[in-house]
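Below, chain A partners chain B and then partners chain C, in two separate complexes.
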Partner chain A sequence: MRLDGREVEPFGSLLDTILAAGIPLPHLCKDDALPVIGACRTCLVEADGRVVAACSTPATGVSECLTHTGRVTRIRRGVLELTRAMQSGPPSQTGGPCSAETAAALAAHGIEQARYLPRNAAYSDSSNTFFSFHQDACILCGRCTAACQDLQHIGAIGIAGRGLGARITAGTGGPLSASICTSCGSCVAACPTTALSPKE
Partner chain B sequence: MARTVSTTCPYCGVGCGLILNVDDAGRIRWVDDDPANPSSVGMLCVKGRFGTSFVHHPDRLTTPLIRKDGGLKEAGWDEALNLVAERLSAHRGYFGSFASAKATNEDAFIQQKFVRLIMGTNNIDHCTRLCHSPSVEAMLQQLGSGATSNSYVDFEEASCVVVIGCDPGSNHPVIASRIRRAVDTRGTKLVVINPRRIELCDRASLFLQPRAGTDVALFNGVARAILDEGIEDREFIAARTEGFRDFLAAIQEATVDECAARCGVPAEDLRTAARLFARPPARAGQPAGLRPGSCLLWGMGITQHTQGTDNAHALLNLALLAGQLGRPGCGVSPLRGQNNVQGCGDAGCIPDSLPGYQPYDAPVFARFEDHWGGPLPRQPGIKATDMVERIATGDIRAMYIVGENPLLSEPNLRHATGLIRALDFLVVQDLFLHETAELADVVLPAASFAEKDGTFTNSERRVQRVRPAIAAVGASRPDWEIICDLARRMAPAAGVDPRQFGHATSAEVFAELARLTPQLRGLSHARLDTAGGIQWPCPEAGHPGTRFLYAESFPRGLARFTPVRQAAEADETPNPDYPIVLNTGRILYHWHGGTITRRVAGLMARVDTVPVAIHPADASVAGIAEGDEVVVLSRRGKMSGRAVLTGGVQPGNIFVPFVKLQDQAANFLTNNVYDEQSRIPEYKVCAVRVEKKRERASGPARRD
Partner chain C sequence: MSRPLPPDFPLRSHLLPRLFEESRRAGWIAPERVAAIAYDLRIPAAEAWEVAAAYAGFYTSSKLTPEPACGWLACRMAGSPGDGHCQFRCYAPPASGPEDLFPAGMVRQAGPLLAAVPSGAHALQSARLMGRDRALEQVAGSGLRGRGGAYFPTGSKWRSALAEGRPLALVVNAEEGEPGVFKDRALMSLVPGRVAEGIAIAAFVLQPNVLVIFANGHADPALASLESALAGFDTGAPIAVYRGGGGYVLGEEGALLNAIEGRRPVPRTRPPYPVQAGLFGMPTVVNNIETMANLPLLFDDPAAFARTGIETAPGTRILSLSGRIERPGVYEVPIGTLLRDVVERAGPVVQGEPAVLMGGPSGGFLAASAFDTPLAPGPMHPTGAMLGAGGITVLDAPGDIRETTMAAAAFNASESCGKCTPCREGTPRLRDALAAGDRAMVEELGEILEFASLCGLGQMAPGPARSALHFWPEVFA
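Up next, the complex of A and B:
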């Protein structure tokens, strides 16, 4: 296939092929160790003229992929601005190992301030001894719930509610400490923001 | 400089890969999982992720201590080691040593070499005596090797997983995750056999809840059901085993219904278990042409009984009867409790064989004596539990205890404390001044996993690298270095060339271990650094390692059926004074006796008192409510804890984890009686009484 004008060998998803070619592309909901989620839409690229999420598009069958055309960069920037607006609070300084990914993607697209009104996202849960959850940094990418369910097969956390009311919850909405959470920390390791962050 | 170091978890035997993130000040800030590690595949549990701060705890020993005027006083290494050398030399013939299943293979190898070559005795053992010695004993007799036969990946490729007498959700959480994944995504059948309900029961197709101490009856009942239905693997039995006729005769002594009545499990459940284990329905994605496999996983619920070895025999008989060995997706797995309990045994820290489980016979002795340049003792050594008991008879007068705390882990602690106090000379080498160290004459500060270079061998026989991440704490040193230093001081008087303990690096120690141990011969630190962890047997440099054993044959040739019959359920059974059966085990947030996890603030914040799980019916009789402080008494001692009311334990039973919190521990209650063959204590059953703690007349009652 042709990727940004280069001839490359397609493998896995378009995202796999793009990253292997050394081309930077945000992919905030895609964790190396976890199945594709396809929630964040920050890896949008043009594949044979259509705008697709690179993470959930098989590379074979695509003959030409463009990652940085004016059109797709503009759309991606729009998605990232909406993502930024999900974060209502100031970004905290400490987080897990992936916590800088969102900020880096925003910076790479020149987004400093939120262009939209932030949503009301004030829920926080510090009941777990080892880490806390702050909704004001959460972008609902789903990596934490995937780590809990698809990696550790515990299923302590999920996403409840819809639209602006959606949030990460433990069990039926109570605190983490009252859920079946085993404090393995895989959710914290997966979080691309500081929403889930280890306690000092 | 902030940096990351790839190493291996110091907690249980799963052997998860850890990526330690160390900050500029040399402290571990965050522990990452390692998706490239084939044993943990990107997972960790709470202890691995959030439980390593003990390495920075202010309680760490930073200098040798010597007992002077009744107290332990700081001393230099020369003074301490010269004293140890002098006193141990005087106790040759009355000496015993405990090695540490938490230390590295290199530490273990040097320690057994010191005990055998310098002290001239085989009195060396480690905590396997307290956990899987019956499993190892039974597997050696029946199969010819004492190791786990398969790999964790086999749990995910099995069509049926049987989890017996263990709670992986508490002690091997990453194994529990792999089992849940198999059930959730592949439809693997899960059978749980446990006297109390464990978390994995939520995913189980079948949960058998036998009476304590009736495991042989249960397994013989399952065997009888397999035979009744004609679903045994006749081809496997004919081609790969011996002793079937005697086994058959023993099994035919009791019907399924009789066995069921004995163990308190419905007969139909025994039959269902038999079908699921012997002929499980194929899981999703089972390769065509490959027979669906079943794995047996077990823990201390099998072993810590006066009939522990019988239990293990009865279980292994099932694997032979159903032919569930030697293929992908099946096998036998005694889950190892400590990070390096497999490796400590592999490296020779057991009283009745040399490194690599090589027997005490002339060619083996000749090879070791040729390498080590000195005579080795011929007489098998004393086992760990007997070493402690034989302090009373004067057979053991001096001990060198490395990385173990017997005054938390031995049964009947009051009795054990009296014995350890009676020693003429005690050296303890560890991270902390724990209960045993407090009684020592000399205490030597050892390095933790985070400061060490070496290898651990996990429960699936995978040898993995341990790498230093932080600077030495005070004057502490790696165990192998301390023992080499001591050995060099004692070597001339023992007629040994001090260069036998002249290793410059732990890689050199490993090279000697590999040279002398056939199943490790193909391994070296350099190879493990390049290739990652490798599973033994790995007999030569080009060998890829071994995922599962017994594909073609057994080390003893044919596997042997060993008929066993249900004996008395336990040494001590309930009576009107002590009407309740005490079962002991683990909880997720603590580690064994708690020497380490008591020094992790987050883990203590989760659980800071010993929970006593009691059935609501028993609680109501005793007037106990959830959260009440209760006192548990046995004929040997008492402890207090916090009541947890749960239907997960059977009426007439309580469950108490053996971690010591607030100076309270289950091992004040447990019974120091032993399985005859393996000398494991009966931690799992003793008779107790539970009372609500009476509030003192003076002063208010304490409420948290």
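Up next, the complex of A and C:
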């Protein structure tokens, strides 16, 4: 297939092929250790003229992929700006091992502040001994819940509510300390922001 | 639940039925009840909680009495003070109280689908005499396209699923969650025998190992009518009946399948497509009730079916008409009928010019100047209007336009499932930009929603705003 003008071997998903070719592309909900989630919509590219999420598009069958056309860059930046609007504080990378990913994607697209009014995201939970959750940094990528439910098979946390009401919750809406969380740390390791951060 | 799930259904797939039962029993679903149900089904509490909290029709913080009055268009025009979800009785606004069978008097125009059913199930017999392969060819060759609103060729969908091998699932979607649409209820209430025979034909051709009917959580009388008609047919696999807690997103096949499996009802990424790996990982055919109702026609009188409608989309379509008209109700018309003919038959009662919202909150407006458009699959106007599931709300333009546009934008924001960022964050901002008259921002967000959203709900959410700004820019100045 042709990728940004050069000939490459298709490999796995479009995202896999793009990253293997050394082309930077945000992919905030796609964790190497986890299956495709498809929630963050930040790995948008043009595949044979269609805007698609690279993570969930098989590379086989695509003949031309463009990662930086004017249109797809504009739309990707738009999604990232909506993502930035979910976070009230300045970008920070003082959390878990992946916590720099969102800040890096925002910086790469020149986004410091969103033009939108901030959403109400005041919930936080510091009841766990080892880590805390702060909704005002959470981008609802779903990596933490996938890690907890599908990787560790614990199921201490989920995403409850619809639309703007959706947020990470433990158990049936109580604090983490009252849930079946084993403090394994997988959620913190998967988080691409500082929403889930180890305690000092 | 009126009937237990088949014994081979996994434990987790009992979650939605148990939550539905609890919601009916108590009027809400308390967190400790969710935990108890989760314990019974050996699911972590958080995974049951995210399911319970996802449905607009399930209350998880307290009992809500009385239920909020209908807040959708026809009921608001008729003076409903509420802001609740559509109650799917836009033909008799304002809707109140529990649902009843769809009234026969609200069939304003009947065609082959809504005509009285001759007894005898001759179509099923014809299909059986043909055998499965020829019956499949009959469906594919008829050109029937799915009536859920996407108009995918039914025969191709069946062939693709059958080509994947077995076991195979058939899911009949009677969720009917689009505000302003009530045609599935009309079919199930008035011609349940035709729907049941269609399901039996599909079951004969597909031989599904799992057969699910997913019915709207409020449509008790329509469902009871269909279930008693189904009792007269052999469908092979036992039928599992699911009831929802509401949700426009259940029109997305992946979300519907997640709902049945006891997972958060959010769309799945594609591929794999449901025909490849759908319910419980099986090749799965998801078909709408009206698609099922069409199947007997393909065997009773295929020539008549082929003669009706247009070459690329034969047959009729049941339209749900409501709003500022003298004769609201269902109109069964050949596909390709001009919108103008239908609106005139319904008798607009307006002070300004008549206009329509076509395709509900995912569709768009058409001004009277565009009424000479045929009702057919595909875009009816580049700004958003489409036939979709056949919902047509007649409005008074320009008087109703602003409020209707805002209602559609608010609906999309509140029905966004919350999974993907563009839709979750973009639909409320689109609503705000409209309210502020910020046309540039509406267009910017419209492009993001259309191209970046995971499913049709977000992709088509800009339609009402774009079309309103196209036809009546002064309303938002």
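Here is the rule we use: the second predicted complex is superposed on the first by the 196 of 200 C-alpha atoms of A that agree within 3 Å, B and C clash if a C-alpha of one lies under 4 Å from a C-alpha of the other, contacts with A are read in each partner's own complex, and residues count from 1 in each chain.
Note that in this section a contact is a pair of C-beta atoms (placed from the backbone, for glycine too) under 8 Å apart; a residue touches a chain by one contact, two chains touch by 3 or more.
Fair warning: this is a prediction, and the values are worked out from it, not measured in the lab.
By the touch criterion stated above, A:Gly173 is placed in contact with chain C alone, chain B being left untouched. Once the two complexes are laid over each other on the shared chain, residue contacts for A:Leu106 go to neither chain B nor chain C. Using the contact criterion defined above for the overlaid structures, shared-chain residue A:Gln152 touches chain B, although it does not reach chain C. When the two complexes are overlaid, the chain among chain B and chain C that reaches more residues of chain A is C. When the two complexes are overlaid on their common chain A, residue A:Ser183 makes contact with chain B while staying clear of chain C. Look at A:Val79: by the touch rule set out above, it reaches chain C but stays clear of chain B. By the touch criterion defined above, A:Cys65 reaches neither chain B nor chain C. Applying the stated contact rule after C-alpha superposition, one finds that A:Cys43 touches neither chain B nor chain C. Of the residues of chain A, those at positions 154 touch chain B in one of the two structures and chain C in the other. Within the complex formed with chain A, the residues of chain B that make contact are 21, 30, 32-33, 35, 41-46, 49-50, 169, 173, 177, 180-181, 184, 588-589, 602-603, 605-606. On the chain C side of its complex with chain A, the touching residues are 31-32, 34-35, 43-50, 53-54, 56, 60, 264, 268-271, 413-422, 424-429, 432, 444-445, 447-448, 451-454. Residues 36-42, 44, 51, 53, 55-56, 58, 71, 74-76, 78-79, 82-83, 85-86, 116-117, 119, 139-140, 142, 145, 148-149, 154-166, 169-174, 179-180 of chain A touch chain C in their complex. Considering their complex, residues 32-33, 96-97, 129-130, 151-154, 182-186, 189, 198-199 of chain A touch chain B.
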